[in-house]
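The following pair of complexes shares a single chain, chain A, combined with chain B in the former and chain C in the latter.
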Partner chain A sequence: MHQRRTPLMHYEMNNNNKISTDALLCVSIKKTNQIKTFKHQTNMNPMIQLQQVDKIYRTEEIETVALENVNLDVKKGEFLAVMGPSGCGKSTLLNVMGLLDMPTSGKVILDGKETFNMKDKELAKFRNEKLGFVFQSFHLINSLNVLDNVELPLLYRNVSASERRERAEEVLKKVGLSHRMRHFPSQLSGGQCQRVAIARAVIGNPFIILADEPTGNLDSKMGAEVMDLLHKLNREDGRTIVMVTHDENMAKETGRTIRFLDGRQIS
Partner chain B sequence: MSKLSYILKNSFQKRFLIAAYIVLIALTTMFVVQQQLGIDSIGANNLNEPYVNRSLYLSGVQVTYPDNRKESFFAGLKLCKRMKEMKTPEKVSFFTWVRYWGVFENGRMNRIPFRATDGTYWDVMKFRFVEGHPYTEEDVGESKPLVVISETLRKRFFGNETQVLGRQIEIEGLRLTVCGVVKNVPYSSAYAFAEFWMPYTAWGGKIHGGSSTLDENEVQSLYLVQTLARTSLDFAKIHQEYNTLMTGLNKEIESEKKITQATLSTRMNYYFGKNINQDKYKFSAADILRNYLSTLWLLLIPLLALVCLNFARANERSTEMGIRRMVGAGKSEINSELIIENLVVILIGIMLGISLGYVTVYLYPFIFITSVDAGNLEGGVWLPFTGRMLSHLLLTIVVFLAASVALPIARVSHQSILNLLKGDEL
Partner chain C sequence: MIQHIFKQIWAQRKYNAWIFVELVVIFVLVWVMMDYAFVLLHNKSISQGYDTSDTYMVTYGMYGEKTSRYNPAEDNSLRNMENLQIFTQKIKEYKYVEVADLSSLLWGSLPYSGGFNQTAILTDTDTTNVFAEVKNMRSADYFRIFRYSSARDNSWERLAHIDVNQNNPIFITRMVERALYGKESAIGKTIQADIGVGVQSYVVADVLNDQKRFDYTLPQGAVFGASPSVAANNITEFAVCLRTEPGISEQQFISEFRKDMTKQLRIGNFYLKDIQSFQSLKEDMDYVFGMTNEVRLRGALMLFFLLNIALGIIGTFWFRNQTRRSEIGLRMAVGSSRTMLQIQFIVEALLLLTIAVIPAIAINLLIVGADLIKLRMDVMIEYRTVKDALYIIQNAPLRFLITNLITYVFLALIVALSAWIPAHRASKTHPVDALRDE
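Our next item is the complex of A and B:
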């Protein structure tokens, strides 16, 4: 059957051929040799919505289209993998979702809120309360110890010092780094740094975690540890996770995988 | 940990950079303080000279002879006594610059600073008499050989004797009777400092050409004149009266010579004003600006160094600022954090610099002044903290703060979070 792409969501069957029941839409999809058609049944808003999003970088000499007409919905509690060759726009997609970069055109709607007209203060508040970031290069502040790094988001939420400390210790316990609280990033292994970054990403109880190649700088063992942690956060805490990865095996373990090429979503 | 201590803890991690910052600011502040103390020691009221800000001074007199020969010196008795008759000032006094008298003691010649004054000197200055009283105008008129001595000199001549009033001291053949003992005067009191004071009539010094300082026909001699106004608002009137006096005086002496320059001005104007003329008795806006600029030039090189330091710091901290923005700090929050961090460092440097400035100025005469007899510095050095000093320090803080935060704030404001995270240079 001819694959028809609609301006709405694409769904992929999960490994057990069960469709997520959170929301259903009128789409046609193709997965291996199965074709299903669904009707929209619920009005529950997706956690992340991108509507006709373009991102174009312009210099005096050239214009680079990083994203072109991206339409994407991510449901609450979903674990979405984004794959594609280098330069296809995966990281740009994550940056736009995470309000680290603004689209040239189109809408980014997070948790039902349009972000287009938000002022700097509102965007900062949104990032602080609803989003958590995990990067390939960890992005920890080297002059702060583990505890201080993890507390950082709460500093901008006017949480008291004692509560910050309590929550940081709790979350570090969860990621298995209680014994390294006073260490500095330079004294930790790559996997430990990434776990600190994850701890920092979740301390504020964000709804959405955006991970850009979180295992890119790690060996397979450490990478597996980090993935376990992310899965735990998704399964047990119900957090929505969007992860950019080059690793097919890791992508298969997520709930859904989408692919990009030259700024466009191809599947 | 409070947010402030969080910010400061992070900032002070880079110990070497912070130390370099603090040292730079401290040294610059030290120079600013030294410069301002130098100015204030001349131009500001002090312990022994409480009326500097409402006094006009005649320091130099230039005469021109019929053959166009010019001669510059200080005021002579004829001019001094004429000025004492002025109606507008509250008081007029004349006295010599500090002079030195040699005393042979214990096999060596020591020089003791002294001044020869009129009786009104004690009204335009402020001395603390621990014994006795000053000589009066009447005493001066009668050429009484009286002397007021400092505590140091008292100890030197009389040891621990309880009663010295009425006792005589001999200095280069002159026998003077002690009528008063005063607390030691700080070296920095420009027109008050000395170890003993005597009536000018008892002194009778000689000036160039052999003329006596007691010659009442001389318009030039060794005297300074201080006119004390009721308020500085009277300066214009005093100038008017003075100009009329000078016109009359010149008419009297026109056959011999003419007084071509005899500026009556505030001390600040005399030493630091650009245009020395008789009507300029207060600083204009241009003078005030020039005064600030004279501080700013001191800041140029350290400012340059600070800006370079900040370039290095800004690039290094770019990623950190990106991370803070990423986790939820707004631009204004980052900017205020940057301002607080830098303000704390600057204030530490400023406090250190103020301390260094005052200590070095205090110690300077003790280390470098060799022509003053040991013991003459027992009055110490008066180190005021004037409004001018405060305004220059505030200017220094503002300039350093602007130099410290301008670049990082520009970076935060104009760079996207992504570029900050990448650590892109401006």
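Our next item is the complex of A and C:
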């Protein structure tokens, strides 16, 4: 017998009374700059759209609902923070958005393209060209030096070695690591590793950067440095950023915050 | 991409060094096995040079004085010669028999007899001896029965019409021709040899295709000439060899032959002693010479060894790539397709193997140079090149190249499979699952 597990059933009321993200956004916008922002919102196509997305992990005996009926629009150039307690589905949401995981049901539309029917090659191309990932644990390849790690997305785009090198050096300069290009990840601090990961995420000029607790493994000073970098990318380069965080202060610095509980978006 | 892979191999050089050493050792060991297997299979693939299907040997006995069937009136040289002729004639006339003739049992003239008789051959112009196996025959029916064929047109029919008892003709095989005259034709040339009647001059009537005694050896040079005649003093040193019409099963023929001929072949003091197919004689000879067991045993050991090596390599690369699942996830996250990823891991493993092959081949060369490999499957071949060689394994550089190439291909397949399986499994999952394995 399958046992459907929704760990905190007493939150049903929240679920039933859930307000859509768009509505929430409208409310918050109306409070501040009603006319101008509303116009801005209706004229812009969403960069990321999640429609009725469910993600359920099934084993032989147990079924765990990681995401339930998630509807979410993220506009181009938006900096969105995703908050919630551990295990509430934040990272799963990010993985689904980033095509690293497939939803059990529902639609994921990125840059106006429905991703459900994409084949492996298309998915790979999409991830390569449109998405950049920053992970909590950096996910750098230890056997490659900083330059080679940063170059990685361009490797799969058939960019020439000299151009790869040039662009990697440029982006490492931007994140302040031009003096560590020949170092290996094991020779860098956590903050430096995360900056390398950010450099890798942006080298291919993706529209969207998905950051999963990018400061989670860093001390406050390094965390602030990384946040500065992400804000810079959002403000100056106009990149859409979705960031999972536990830190209220960091979330406040972003344009919008949504909250999750037990796989459901609660605000 | 290749440059990127090289960088990664170099960056992981401490770990890869173990795999590299393992691959070098394995390459050398597998090459020794492959060389052995190559020589065996190469030799096996060479035609026997004659055809013993549907052929039988009928042996006869003569009643002695103390047996009840002994007939003293028939026991004289004249009657014995006449009776043997009748004995042979009756077999020739038996249903199913296409051709039959008396053949000498001595000197290894018959296929699979186990005997071996060698003679030195000299040409008019060269005093260097060339050794060849001697095959004696009474008539050209010998060619008809065993289908020894001419190297010129692969025909046995033409040979079967030659009178071998006129003008001292001799037949030599291609190997002897090459050894005596290089690439020149030997037909019409005079050679000296002792084929059982002392050293005499013979004219080469034709060159036959090479023939071999055992399945797994190279052909040996041979000369075919008329044997000493049947006489009263050697009457028991012959047997009747025959070929049946095609399509008659061995069991059927032997059973019917015994039933029909046992009484009929009691001629004078002669009686039918036994009938055996040459195929069964071959099985007996292979068994007696230990060929069957040796090949089976060595084959089994080789398979066992290669299987273990394959499993060892698969285990090594499996473990290596299994520990890189997180990297696989990351590569997919930054834009590698599943196919690309699998190709990358396979290429990486093949590059490692290719780098290991360089010192391994050098070691193999040293092994050959130090004469450590002596394949006694053929006495002529010990990794030395034979001038104007007819067979690949007589050409040492070529044989070395081919066996190393086979070894490389064999190991490349295993290595590619070993790299592909875990990469394939990891890439089949969603990138996020692979990333979680860090």
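Basically, the second predicted complex is superposed on the first by the 223 of 267 C-alpha atoms of A that agree within 3 Å, B and C clash if a C-alpha of one lies under 4 Å from a C-alpha of the other, contacts with A are read in each partner's own complex, and residues count from 1 in each chain.
Criterion: contacts are C-beta pairs under 8 Å (C-beta built on N, C-alpha and C of every residue); 3 or more make two chains touch, one makes a residue touch a chain.
Note that the structure is predicted; figures quoted are calculated from it, not measured.
Per the definitions stated earlier, placing chain B and chain C onto a shared chain A by superposition produces a clash between them.
Within the superposed three-chain model, A:A161 lies in touch with chain B and with chain C [touch as defined at top]. Contacts of A:R195 after superposition on the shared chain: neither chain B nor chain C is touched.
When the two structures are aligned on the shared chain, A:F133 is found in touch with chain B and with chain C. Shared-chain residue A:L144: touches chain B and chain C both. Judged by the touch definition given at the top, the superposed model places A:P153 against both chain B and chain C. Taking chain A as the common frame, chain B overlaps chain C at a single listed stretch, which among 96-104, 150-158 or 258-266 is 258-266. Common to the chain B and chain C contact sets on chain A are residues 95, 98, 100-101, 120-121, 123-125, 127-129, 133, 135, 139, 141, 143-144, 148, 152-153, 155-157, 161, 200, 204. On the side of chain A, the complex with chain C involves touching residues 95, 98, 100-102, 120-121, 123-125, 127-129, 133, 135, 137, 139, 141, 143-145, 148, 152-153, 155-157, 161, 184, 200, 204. The residues of chain A lying in touch with chain B in their complex are 95, 98, 100-101, 120-121, 123-125, 127-129, 133, 135, 139-141, 143-144, 148, 151-153, 155-157, 161, 200, 204. Contacts from chain C toward chain A in the complex involve residues 1, 3-4, 7-8, 11-12, 326-327, 329-340, 430-433, 435, 438. Contact residues of chain B toward chain A in the complex are 1-3, 6, 9-10, 13-14, 319-320, 322-333, 416-418, 421.
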